[in-house]
Amino acid sequence: MDAFVTFCLRMGDNALILGQRTAEWCGHAPVLEEDIAFANMGLDLIGQTQLWYGLAAEAEGKGRTPDDLAFLRPERQFLNSLLVEQPNTDFGHALMRQYLFDAWHLPMQEELAKSSHEGVRGLAQKTVKEVRYHLDRSRDLIVRLGDGSEESHKRMQDALDWLWPFTADLLATDEVDAQMADEGIAPVPALIAKAFDAETQATLARATLTIPETRLRRTGGRDGIHTEHMGYILAEMQSLQRTYPGARW
Amino acid sequence: SEQDVAFQKRIDDGIRIEPKDWMPEGYRKTLIRQIGQHAHSEIVGQLPEGNWITRAPTLQRKAILLAKVQDEAGHGLYLYCAAETLGISRDEMTEQLLAGKAKYSSIFNYPTLTWADIGAIGWLVDGAAIMNQVPLQRCSYGPYSRAMIRICKEESFHQRQGFDIMRALVEGTEDQKAMAQDALNRWWWPSLMMFGPSDKDSVHSEQSMRWGIKQNTNDELRQKFVDQTVPQAEWLGLTVPDSELSWNEEKGGYDFGEPDWNEFMEVIKGNGPCNRERLEARQKAWDDGAWFREGLMAHAEKQSAPIAAE
Amino acid sequence: MDAFVTFCLRMGDNALILGQRTAEWCGHAPVLEEDIAFANMGLDLIGQTQLWYGLAAEAEGKGRTPDDLAFLRPERQFLNSLLVEQPNTDFGHALMRQYLFDAWHLPMQEELAKSSHEGVRGLAQKTVKEVRYHLDRSRDLIVRLGDGSEESHKRMQDALDWLWPFTADLLATDEVDAQMADEGIAPVPALIAKAFDAETQATLARATLTIPETRLRRTGGRDGIHTEHMGYILAEMQSLQRTYPGARW
Amino acid sequence: SEQDVAFQKRIDDGIRIEPKDWMPEGYRKTLIRQIGQHAHSEIVGQLPEGNWITRAPTLQRKAILLAKVQDEAGHGLYLYCAAETLGISRDEMTEQLLAGKAKYSSIFNYPTLTWADIGAIGWLVDGAAIMNQVPLQRCSYGPYSRAMIRICKEESFHQRQGFDIMRALVEGTEDQKAMAQDALNRWWWPSLMMFGPSDKDSVHSEQSMRWGIKQNTNDELRQKFVDQTVPQAEWLGLTVPDSELSWNEEKGGYDFGEPDWNEFMEVIKGNGPCNRERLEARQKAWDDGAWFREGLMAHAEKQSAPIAAE
């Protein structure tokens, strides 16, 4: 597949699958303000999905629509990072997943706002503000809950221990990233990794949380090799489109 | 009493009552009950619709539904704030809900079984809600009135979006059209019940109207809803599931059948299809979220603790 | 729809959906013996599904296969009782669901073994033994856990409280049942209700469990009006067939 | 010692060792470790395949898969019983597994991502397992040997069923064929690793062979597996993902590439794709099931309590 299309799909798939996970909280969050915040983040993420898929579909030039990309691809063609598909084990996992994603997403969007590609640049300039807001919000909660009660600290640490190995998949790189960087479309991956490390080290320290020392690096999502959760996400998400092929909604 | 007379005069003169004003205990209680019910309805109302967010059939529909559910949670927030001005906390109201002491709109005790139900809820349930809520913008209690003004603006969006889902379905395949008709069949009567029992059986109506908390009777609003909705169903090419439905030229409105009030009473009493599931979901959210709320409080306490105490 | 087809679908759908729920325990049960037992019950139930759908498909005469009936019908056409679709909240719920189903299923199968319809009779004669074994097993566990520790008692009572209202859907009757009884194909519903009551009253008393006093009767499944769980069961179960229409497996 | 010599002679004479016979501590320990690992593998092995039971594409495939997973649990049971004859309880072994002290076949630390993975596991993983297990039917320890005889009979069914899933896929649509190839690509190398490290790096092999616990070296079995499987892949029209694969006329077998032993070591150490998920699932089953096990014990105690104590 064309490197640019792959790049756009990876970005869009991240937004969509995280959006799905986020939306699962509607009506089930610990306080009303979080119901609202999660719905709002989900909404932003679905909006970003539409934009990235729009760019992918246009570049691909096969007449597929953003909805086709969302609802008619099988699992092995989804290229999101493994992090975003991890389940809502508890609200702590959901917050930590969001925070780790945001810590990667913001520097990425900030750099993409200077992209050589007009569509990408426009997209990033349009969405960077909401991504910044997401990071501000999730950073704040990570600090308050990490440095909160004994139980909230424990839960946040458990979430970090579980999710940290998946950040490897956010930061993984391959020839697609190299080509995107060469063409000035996307930033040099090392730059984002550095920003991610700086953000997480500072914030997690403030949160009195410890980054786990582990050799475990969970990667593969960007090549379509997912965790066993992914099949269930897609079966649910795609069920209507699959059940009524060709219908318009 | 003299106070009561002066209070009633303010109401009759159309002057808004504000939190710091004196008010009869019954007025306060009635408002707390009504605003609380309304707030709880917004909160519980997230559940049947939230059930379809992850399965919405297009990205656009998913985004619209997310925005709608977000609005509902937001309405819940305005309303809890309005109720708090009457001297009850959000936590107290939540406890009343979870204990089964406070009610919420019984419509949310029906399950959402197909995507068309999301359309039907927007079209019929939000339609009925607006019918109920528009007059409440003129409610005598200031904070409630102002909350309703904000809420009504958004609800009419929701209704249009629901109608648009139905439109897409009836313009679609046979399966989709059948899905739309099936949803109308299941949601029609529960929607009519949203206006409450017939005037002759309505307990709180009269006093509420005198206090300017209520502006129209249940039956008036139900009639208005039917008159508005039946032509929309016809436009969609759907059949309203009421064999007694007919246009009454004389009264300039529709005659229609009586909802099954036994069913209504059972649902109110907790015996509807989803009462247990809805309360269980809210209870679980509350229980599972305790550590989150406590963690934030613990952090706040640390922040406000004097340096010397460290 | 033809009454006989409806009857067969109701029976087959019960078996299939309970089989799905049962199979979810594979590898997750409290002891290895239960892993084996649940897999075994699931296997029996899927076997019964195939037989009932075979009869339904033949009677319908539209060339649909048992797999078509399982994998290509939408939710509103599934006619199983609401009981069998209830989730695996804990193992106590799973056991209680199974017991309540078995307590209805065995007298049903015993009577169907005398059906005037040759296909039904043969099916029931073939499967009644496994159904009897299921009831023996689940009755035994209900008694042991109900009259076990304080916690096991509480869990079994909670499960009974939650699930009892759904038994109304097993025992619900309509003109289809009347016609089946008139034709001697299926027993008079009252007969089964009596056997169910006798079985459950005796066993639950031995288990020191109390049948809840409630006006709540959860019905509708037999007319295709399900609980909100059903859509997720089907999205998962049907995902492959829906994703690859027409493929052979 | 004299006992050791006599013991070794029995083994060399092909006489089975039975539970009550004297045996060297090392023999006992080695067997406990090996049978325990094998039992745990059957138990953990339920998880990747169980992942597809609810999504099997036909009723027949669902039934076959259920039966297979049931067999695996049953094998686990035979094997735990065989290990128990050596003086360790099932609960102890379970605790060792959950504490990460006992191992299980590292193949089950890979995820099942598509239906074709169920075919590939049956074909390749059960195929490799049989290759390992057939000689174990002649193991010197009687209970283990007898368990293996029962197990091998069922495993060969499983392998044929797995192959049949692959056959249906390659005879199907282009998507299905691609799914089959993708599964082969992902499962080939982990399957080769199932025979353990190369003989030169294998720690326990020599003594185990002398004790009649092991009959063939890892490399012998791996070669046999490749020689059997490559023609099957060809028959299916699938490409084995090994560029070094070629027929060696002289040795009458295939030459093939080296698996990534670093990956193998990482998976063994707990850093494979699903190690955490597998152990977490087993831990959860164990923890969530505590009340069940305790409830049954409480009931049994009541039953056996003397009347006088009531």
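The first chain written gets the first letter, and so on, giving A, B, C and D; residue counts start at 1 in each chain.
Note that in this section a contact is a pair of C-beta atoms (placed from the backbone, for glycine too) under 8 Å apart; a residue touches a chain by one contact, two chains touch by 3 or more.
Given the structure is predicted, the values throughout are model-derived calculations rather than measurements.
Common neighbours of subunit A and subunit B, by the contact definition above: C. Across B-C and C-D, it is C-D that has more C-beta pairs touching. Rounded to whole angstrom units, the spacing between the C-alpha centres of subunit C and subunit D is 34. Centroids built from CA atoms put subunit C at 41 Å from subunit A.
Each chain gets one centre point, the mean of its Cα atoms, and the points for subunit B and subunit D are 57 Å apart.
For subunit B, residues touching at least two other chains, in rising order: 55, 175. Counting partner chains per residue, subunit A shows two or more touched chains at residues 74, 231, 235-236, 239.
Taken as a graph of touching chains, this assembly has some other topology, since it is neither a line, a ring, a star nor fully connected.
Two chains count as a pair here when they touch; such pairs are A-B, A-C, A-D, B-C, C-D.
By the touch criterion stated above, subunit D contacts subunit A in their complex at residues 48, 51, 55, 111-114, 175, 182, 186, 266, 269-271, 273-274, 276-277. Those residues of subunit A lying in contact with subunit D across their complex are 74-76, 162, 214-218, 220, 225-228, 230-231, 235. Only residues 74, 231-232, 234-236, 238-239, 242-243, 245 of subunit A touch subunit C when the two sit together in their complex. On the side of subunit D, the complex with subunit C involves touching residues 43-44, 46-47, 49-50, 53-63, 66-67, 69-70, 73-74, 76-77, 80, 90, 115, 165, 168-169, 171-173, 175-176, 281-282, 284-286, 288-300, 302. The touching residues of subunit A, when paired with subunit B in their complex, are 16, 19-20, 23-24, 26-36, 39-40, 42-43, 46-47, 49-50, 53, 66-67, 70-71, 90-92, 143-145, 147-149, 151-153, 155, 236-237, 239-241, 244, 246-249.
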